[in-house]
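Common to both upcoming complexes is chain A, partnered first by chain B, then by chain C.
Here is the complex of A and B:
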């Protein structure tokens, strides 16, 4: 009797979780998958087929943007790691006491402000009538204003800016636990800074590096705001194609195929990242 | 390595940190600054200090679209926060207090929403709600408006991934709870409900407050998922995005200042609660 009661109890407690996961994640994603294999043959008439994927491959504009988005996301992830690592190391191992907690909080603060506002700040600085041009002209370095927006480099800078938090936090957490006596030992044994970095610090920080990279890659790949506001038409992101298929072209089936491709690449690289470093998703996330 | 080059390296590192924080702060500082410039465009030259863009006739409080967006965002975020805290707490009890077959798989599925890009989550919920609406119409002959793009779908879409965050935060706190206290209360004859409301939930309070604040802010600032599910009532981020594409005005800077201040206050509360939480933990050890 008691065991039966306990079973009911677990079932009831699990019910909201199951409803959430099934109704809002599994079924919608399955529907996306199914829809991507549907071809419109008439008004409200559909047939099964690979037509949407063919359409995607036959239009260079689509698959080129796709490849570009994936490559850019990988580069942005690596760059974010490069920018964030010295900062995380400083917060975790160089700064002490109040300065340490202050720097950490200062690092977090900008990311609590909407991504829209952050990008707006960059727009004010970088556009043709922006502050950067104003200063460059005042200093007589240029005579004509330059449009800094809508360039790949600008998008990259914006993506790094947007992603930093998700890299700094996991890195600080792992570096906090690094035993300093290991570094001293390496120093005493004549290992230079580079050797310490390569043989001690980086292996120790690997869980943080992996979770940071996974989060950043995913967020960059799925980014919409930074890519649209700083990149615009000159530097198109794949999510913009997906949005256009759904909202302006009303081709939901092609949009689904594109969305599914993005999901596959995103999941595959997350899986690969975990696999290469021998880690588990639930360990990385918590 | 010589003493000197160690010093030089440390100096370079410090300089890098200074540049890094400048890079973080400058866009936000400039957005805020130009909300107070007495000029119709957020650009130099500086034409003097004004509060016109906040309090004036064309200021942010007179802008009906922005104010409507603010109201919509506020009600959506409140609803999402409530739902995420409720389900997050139930999930925390499920994963921390119960063992059952398939727990590992369920935990993995609970984490999954975090690795689905927001745009994809949005469009998949859009398609599914469309399928449901058509299905209901086909089988029952009833036209349902409720599952069309709009605030219900926006709320559900945000709830779909923010619940993972609240579940993780509340679970982490629950894991630290000393169950001997509950056992003692049961031994003294307290009922389950009584123990829950007077012992366990108060212990979870710091986690509930800080994850509630995180959920509220995540909902308030969400764009990707919201953008795909929005109907005629647009939350503030959508309204801001549309205005921004039409051209920058100091009113947008004024809204940004309000957003920066509001999130600053909320984050301060969250940090304060966490600190109290930390101190209490240290004392109870």
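Here is the complex of A and C:
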């Protein structure tokens, strides 16, 4: 009797989780999957087929943007790692007490305003009549205002800025439980800073590095606002194409195919990253 | 004569707290030198200054006639076995030991030759490919030592390396370490808070207290003639009284203890009537008699009751509750160590037995209070 009750209770506890998985993950994804294989043959008439994927491949504008977005996301992830690692190391190992928590809050600060506001902030600073140009002109460093917006480098900077926290947090966590005496031992055995970094610190931080990279890569790949607002027309982000298919062109089937491609490629890249670094997903995510 | 290591009046402060003050000693080559002191007396700080992780505020460290001032840890001819071992968990045993050689850019072939050799020497020949967390405590210990030895340091620094092991293994490793050191001829600087470790292994011991060195000497010298009350109490067991010299009666001095006992010790010209002194008597210097016939020849002799007996195999410890003579009302537990010989009736004293405890004047070790 009790046992049966227990079973029911456990079932009840698992219910929200189950609902969450089914409603938020399985349902939308399978819908995406199904509709990506539907071809429009007439008004409201659909047929199974690979037409959407063909359409994607036949339009260079689409797949070029796609490749560009993936490459940019990879570069942005690596750049974020490069910026975040010293910051995380400083927070975890060098800073003490008040300074430490202050630095952490500083990393968190950008997230107190919404992404939209944050990006408008950047626009105010970077546009042709913006703050940066104002100062550069005042200092006589330039004579003509420069348009900083709508450049690849600006998009990159915006993406790094947005992603920094998601890289810093896992890195701080792993670096905090790096035993300092390991570094001293390395030093004692004749290892310089670079050797210690390469052979002790980075291998120790690997789970954090990989989980940070996965998060940042996913966030960047799926980013919409930063890429659109700071990038302008010249540097299109793939999410914009998807958005256009759904909202402007009203071609949900092609949009689904594009979304599904993005999902497949990002999953494949994450898998590749895990394989290359010899990490396990379950270890990285805990 | 050149020394393996010379420390010249080293001092180190942390804020206003003086962790190491004016420490000087020399270690001759090939010796097993221990620094013995209670926890927090500055041993690790001293070792970290020698290994270069911490700069002394004052003083100089000289290794084989070369001053170490301004020389970084990775360039010093010493290696350190850390208190928590600090083995690299992301590497195998082999990689751990090869680490130092790889930093020195030794060729792959030579590395594997040297690592195999040192693995053999510490008795881990088959364990090269194991991960660190697959090793037992004693094996980790040996890897930590091997990792340093492979670099052939001038001095091996060991910071309480046996602290994390269980008792049995510790006893075993003590002997192992001593053997290894004799075999290699490397100078060992060994840090410990355990006096028995220091006594067993060392050729010389420096006893430290609150950042200062109290006494340096061979284990025998420290045990038999401690120069301060701290050393007398810290190294080995001792029965202890505090009192005042009341009179000379050649060839003895008589001391009246705070409890009112009258104890006799050998006269020395440095004593004066009225000096405040500590008296120490080793448990094994004490003698015990039971029964009617009064022992004679014992200068110090007191009646007491055996309160407990502990059998240690080769020896037997008695705790005897002794009333001081001359109507003193204070009683005191004295520790007496007797050899446990077979058929020795006197050694089989059960608790509760009335006995006489005594010792000769030579065994009373007298130290003036507040004077080194």
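Just so we're on the same page, the second predicted complex is superposed on the first by the 277 of 286 C-alpha atoms of A that agree within 3 Å, B and C clash if a C-alpha of one lies under 4 Å from a C-alpha of the other, contacts with A are read in each partner's own complex, and residues count from 1 in each chain.
Note that a residue touches a chain if its C-beta (ideal position, glycine included) is under 8 Å from a C-beta of that chain, and two chains touch if they have at least 3 such contacts.
The model shown is predicted, which means the values in this text are computed figures rather than measured ones.
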Touching partner for A:73 - first (chain B), second (chain C), both, neither: neither
Touching partner for A:131 - first (chain B), second (chain C), both, neither: first
Which superposed partner A:263 touches (first chain B, second chain C, both, neither): first
Touched partner set for A:218, first chain B, second chain C, both or neither: first
Between chain B and chain C, more extensive residue contact with chain A: B
Touched partner set for A:189, first chain B, second chain C, both or neither: second
Partner chain(s) touched by A:229 [first = chain B, second = chain C, both, neither]: first
Touched partner set for A:112, first chain B, second chain C, both or neither: first
Chain A residues contacted in one complex by chain B, in the other by chain C: 192
Parts of chain A lying in touch with chain C, wherever the complex brings them together: 179, 181-182, 184-192, 195, 199-200, 203-204
Residue ranges of chain B touching chain A (in the complex, touch as defined): 1, 9-10, 13-14, 16-17, 20-21, 23-28, 30-31, 34, 41-44, 86-87, 90-91, 93-94, 98, 100, 106-121, 123-128, 130-131, 156-157, 159-160, 163, 168, 172, 217, 220-221, 223-224, 227-228, 237, 240-241, 244, 248, 252-253, 256, 259-260, 263-264, 266-267, 271
Chain C - residues contacting chain A, complex: 51, 53, 72-75, 79-80, 82-84, 86-88, 90-91, 99-100, 103-104, 147-148, 151
Touching residues on chain A, where the partner in the complex is chain B: 9-10, 13-14, 16-17, 20-21, 24-29, 31-32, 35, 83, 86-87, 90, 94, 103, 105-110, 112-118, 120-125, 129-131, 134, 161, 164, 192-193, 214, 218-219, 221-225, 229, 239, 242-243, 246, 252, 255-256, 259, 262-263, 266-267, 270, 281-282, 285-286
